[in-house]
Amino acid sequence: MKDYKVVFFDAYGVLKNSSGLIPGIEGTFNYLKEHNIDYYILTNDASRGPKSLAQYYIDEGLTSVTHDKIISSGMLATEYLRLKVKHGTVAYLGTGESAHYLQDSGLQTLPISNMDVNDVKHVNALVFLDDEGFDWHHDIPKMVNLLMKRNIPSIVANTDKSYPVSDKEVGIAIGSIANMVEDITGRNFIKFGKPDAQMFIFAYEHCQKAKEVGRESILMVGDTLFTDIMGGNKFGIDTALVLTGNTLPENASDRIKQFGIIPDYVCDSAVID
Amino acid sequence: MKDYKVVFFDAYGVLKNSSGLIPGIEGTFNYLKEHNIDYYILTNDASRGPKSLAQYYIDEGLTSVTHDKIISSGMLATEYLRLKVKHGTVAYLGTGESAHYLQDSGLQTLPISNMDVNDVKHVNALVFLDDEGFDWHHDIPKMVNLLMKRNIPSIVANTDKSYPVSDKEVGIAIGSIANMVEDITGRNFIKFGKPDAQMFIFAYEHCQKAKEVGRESILMVGDTLFTDIMGGNKFGIDTALVLTGNTLPENASDRIKQFGIIPDYVCDSAVID
Amino acid sequence: MKDYKVVFFDAYGVLKNSSGLIPGIEGTFNYLKEHNIDYYILTNDASRGPKSLAQYYIDEGLTSVTHDKIISSGMLATEYLRLKVKHGTVAYLGTGESAHYLQDSGLQTLPISNMDVNDVKHVNALVFLDDEGFDWHHDIPKMVNLLMKRNIPSIVANTDKSYPVSDKEVGIAIGSIANMVEDITGRNFIKFGKPDAQMFIFAYEHCQKAKEVGRESILMVGDTLFTDIMGGNKFGIDTALVLTGNTLPENASDRIKQFGIIPDYVCDSAVID
Amino acid sequence: MKDYKVVFFDAYGVLKNSSGLIPGIEGTFNYLKEHNIDYYILTNDASRGPKSLAQYYIDEGLTSVTHDKIISSGMLATEYLRLKVKHGTVAYLGTGESAHYLQDSGLQTLPISNMDVNDVKHVNALVFLDDEGFDWHHDIPKMVNLLMKRNIPSIVANTDKSYPVSDKEVGIAIGSIANMVEDITGRNFIKFGKPDAQMFIFAYEHCQKAKEVGRESILMVGDTLFTDIMGGNKFGIDTALVLTGNTLPENASDRIKQFGIIPDYVCDSAVID
C-alpha cells in the first residue's frame, strides 16, 4: 500500500461484515495515518446519508472515519437531480433516512407509499434508494404503473443486487428491484454505483480537493470482482482483491479466470498489523 | 379460420380483458362449433387449476369451454415434478388455489410463508406459481436464501412479466419475481409458458387425443408478439395477431418490423359475427 | 443405464473429441445392443446431413450408427421451412453440404455469397447453417443489410457458440454469428438446438416410431450443462453429465452449484467396458 | 444553444452522414464562433487518430475543427494502456492507422493477423480498434483462442454495433465483434465509448483546460438515444436529439416513450442558419 497516495476502500466485505468490523482493521487505518496515505470509502449504499454511514465506524472505534471520507452512490443521485430535474415532485422507494439524498435537490419528495397512482402529473422523477420503508407487494406494482403514465427519469441510487444480513443469509437490494421494474416497463434507468465510472470519478474529484493525485497513485481495495475490481480497473487505477467477503479463497483464482476480471493484487484481507 | 382444424387461443387480450369477455366473442365459438373446428385455450396462468379457469368462461355464458379445453403453463410444472422430483417436499410461492398444480405430484407441499429457512434439508424443489398468497418483503428474500442452502430445481410455472388488472394498470406476474431471484442467485430456472415450445407440444399432444391433426392445420390466435406469435411460429403452426390486447393498432406494423416477429395474419379482433 | 429403454447421446465430448472416437466407446454400443436399449445421437450440427454425420461413426468402426440414429438441429430447420415458408427463395450461410437441409423444402436456395443485396425481393427466409462456406468480412454485413430491407423469418440451425477444432483450440460456431446479427438488427431469430425443448420433442417423436416409451425411460448423456443437461431436465428426462468434454472434472461440482443445473448422474465418461 | 458555454456534438448523423457534411452545418459553427461557445466532437471511433478525424472536416471546409476538438473513444484505450499495462505486447484488431492509439503506450504492438496463437506468452493486452485490417474468418477465432490461453485485459475502443456505409446500408462495427468474442469466452471486456460516463468525463476534463465550466453549461447534441442522449443525461448535462441520423422523425416520440430515454430538446437538425 505504501506505493499509493490514496486508497479507495469498499465497505462491506473489506472493512466490516455482518458481525461488525473486520478484526484488526484498525491497524490498517493506523498504517495509513502513519504513512500519510489518504483514503475514502466507496459504497453502493443509499440507505443512509454519509454522516449516518460514518457514525457506524466512529461508534466502532474508528474515529478518523468522518463523513467526508464516505462516497456513496446516493450522492450521485443527489447530483443528478440537482443538474437535471429542475422542478416538481420526486417519488422514491426507501426509508425516510434514505430520503436524505433528495432533500438538497429543492424538489418536493414523495414516499411511494403515499403516492396516489391516479394523481401523478406533478411527479417528474422516480428514485430507487433502499429496499426498506415501503410495502413491496403494494408499492412495487405502483412503480410500474407510475411509469406507464409518466415518461420520467428513473434513478437507481444503488446497483447492488443483494447484501449480507448475517453470516449465511442475504437481503435483496434495491438494485434488484429496480432491474425488475426496468425489465417489466422496457424503460432504461439511470444507475449509479460501482462498477460504473461515474462513481469513481466522483470519488476522484472529491479526493483532488484534499491533495492532487494522479490515477496511478490510487489503489482500490474490494471484495467483489464485478463492482470494485472491474470498476477500478476500467477507471485506470490499481486494484486489490481481498478474500474476506464475496469472493471466497477456495475459488478466487477460478473466478478471476472464468470472468476475466483481473485484480493487480490478491490479498487474504485488508488488515495490516 | 375455416382452413384450420384446430385453433389455439390465448386467453387474455383475445377472449377476455379486464372488463370481462370481449364483446361478440361468443360468435366465434358458435362459428367453430358449426364448422367442426376444435379449439384450446393456451394460457400462461398457474394461479388456478384448469377447472377453475374454465369456470370463468362458463359463468360468462361460454358453456362449451370445459376444463379439458384449458392448457395452462401450470400443467407443465405438474408434469415436471412427476417425472423429475421423486420424493421430499416442494416449496412454492402462490395461493392455496395455485398449489392445485402440486397436489398430483405425490410430494409434500409447503407454502413459502410457512417455510423455516433454517430447516430446509427436506426441500427438494421450488415452484413459482402465483404473485399472490405470500408476503413479498418477507418471503422473496427467503427464496434467495433457500437457494443458497439447497441446490434444487426451481420451476417457474408462468413466464409472463406482468398482467392487466384494469384498463390502465398492470400487476407484476410471478415470472418477473422468478427472473429477479434467478438473477440474484445466478442459478438457471426451469421455465414453462409461451413462447417456449414445450407449452405448444403439450397442447399439440393433448389435441391429438381428440383427433389427429398435422401442424399445418393448427392456427394460434394471440395478442402478444413475444409469446403467442413467436412461440406459434417457431413450433411451425400458423399465427394470427389480434389487436384487442397487448399490441396496439397504432403501432402493430412498426413493432412487427422492429422485432422481426411476423404473424401470418393481423386481425382487429378474434370476433366472428 | 440398464434402467432405461432409450439413451440420447450428445456427440462431441461424449462419443468423440478432436482426436476421434472416445477410446472404449464401442463397449457402450455393444452394451446397448446386448440389453436391447435403443439410442439416438442429438447434435447441434447443421454443417452436414444425417447421412454424412453417420458416416463418420461407420468409418470409425461403429457400424450400427446409421443415419436414422442421428437427430441434428438442422432437421428442425428443414421442418420449419416446410411448414412455414411456402414459396420463394431461402438465402443461407453455410457450405453446399449444409444446404442439404434446405433441399427438401421445395424452395429455391441461394448461398449468401451469391446474393445481390440490391435484388432481394424474392428472398423469403434466411437460414444460418454453418460457419464455413462464405466470406465472413463480406457476407456477414450482407445479412444485416438483407434484414434491413426484408422483414423475413431468420432461422438458426445450430445454437452452439463454439466448437473444438483441436485439443486446445476452438472455432466460432454459426450460433455466435447469428447472435451478433440478431443483436445488431434487433430482430428475433428462430433458433433450433439443445437446450431448446423442440430438439428433444423431435427426437422423442422420432424414437416413438421404433418403440413406444415414456419420458421416464429415457436418459440424456451429455458433457455440457447449458445444453444437454438443462435441456434434458426441462424436457422431463433423466440426465447424466460426463466429464470427457466441456465440463472439467476439477470444477464440475462447483459449476453445478454455481449455475443450478443439476444432472441426475455425474460420470467420468460414457464408456462401458 | 446560446444558453450553453460548451456543446458536445456527436459526429455521424449530426455533423455528417454517408453523403458528406450535413448541408448548412457550417452555419452552426459560425454561430458558435460568434457567440463564443466552445465545442467538442465526441465520437465512438477508433479507426483513425484525432488528427486524421479532424482532417475530414477541414477538407470539407470546416477549418476550425482542429484535432484538439476531437474526443474519440480510442483516446480512452490509450489512457487505459498507459495506466494499467506496464510492459509486454498488445495485440490488436484494426488497421495500421487505428494502431495510432497504441503507439504512445510504450508497448510493443502486434496486429492480430501477425500473431502466432502458439506463441502468446508475451501478449499482455488485447485491443479491439476497428473492423477493417484483418481477416475475419481467420483472425476472430484467433482472439477467442488467445483468451483461452491468456487471461489478459481486453479493451474495446468503440462500443458501437454498426455504422452507416451508405444511405441504405450499414457495416458491422468492432463493438459487435467484441461482444461476440466476450460472449463466447465468458470474459468481461473493458469498453470505452458513449454512453459510458468515462467518455463524457474525458471530454469534460479536456474542455476544462480551455475554460472552466460547470455541467449545467454543457449541451450534448446527438442522433442516437442509446449513446448520445442516455450518456449525456446520466452525466448530468442537457441533451438535444436531432433527427438527421439514427432516430427517424416518424418514430422519435414513440421510441422516446418506449425506451424511457428522454432528451431535453428534440430538433429537426443541428443546423443553424
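Which chain is which? They are A, B, C and D, in the order written, and residues in each are numbered from 1.
By our rule, a contact is a pair of C-beta atoms (placed from the backbone, for glycine too) under 8 Å apart; a residue touches a chain by one contact, two chains touch by 3 or more.
All figures in this text were calculated on a predicted structure; none of them were measured in a lab.
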Distance in touch steps, counted as few as possible, from subunit A out to subunit C: 1
Same vs different contact residues, subunit A with subunit D, by half of numbers used: same
Higher-contact pair (C-beta pairs counted), B-C versus B-D: B-C
Longest centre-to-centre distance from subunit B, chain (CA-based): D
For subunit A paired with subunit B, centre-to-centre distance based on mean C-alpha positions, whole Å: 38
Inter-chain centre distance, subunit B versus subunit C - centres from mean C-alpha coordinates, in Å: 28
Whole-Å gap separating subunit B and subunit D, where each centre is the average of the chain's CA atoms: 44
Multi-chain contact sites of subunit B, meaning residues that touch two or more partners: none
Graph class of chain-chain contacts, one of line, ring, star, complete, other: complete
Residues of subunit B touching subunit C in the complex: 79-80, 83-84, 147, 151-154, 185-190, 196-198, 201, 215-216, 226, 230, 233-238, 256-262
Contacting residues of subunit B [partner subunit A, same complex]: 117, 135-137, 140-141, 144-145, 148-149, 161-162, 168-172, 176-177, 179-180, 183-184
Interface residues, subunit C side, partner subunit A - complex: 251, 254
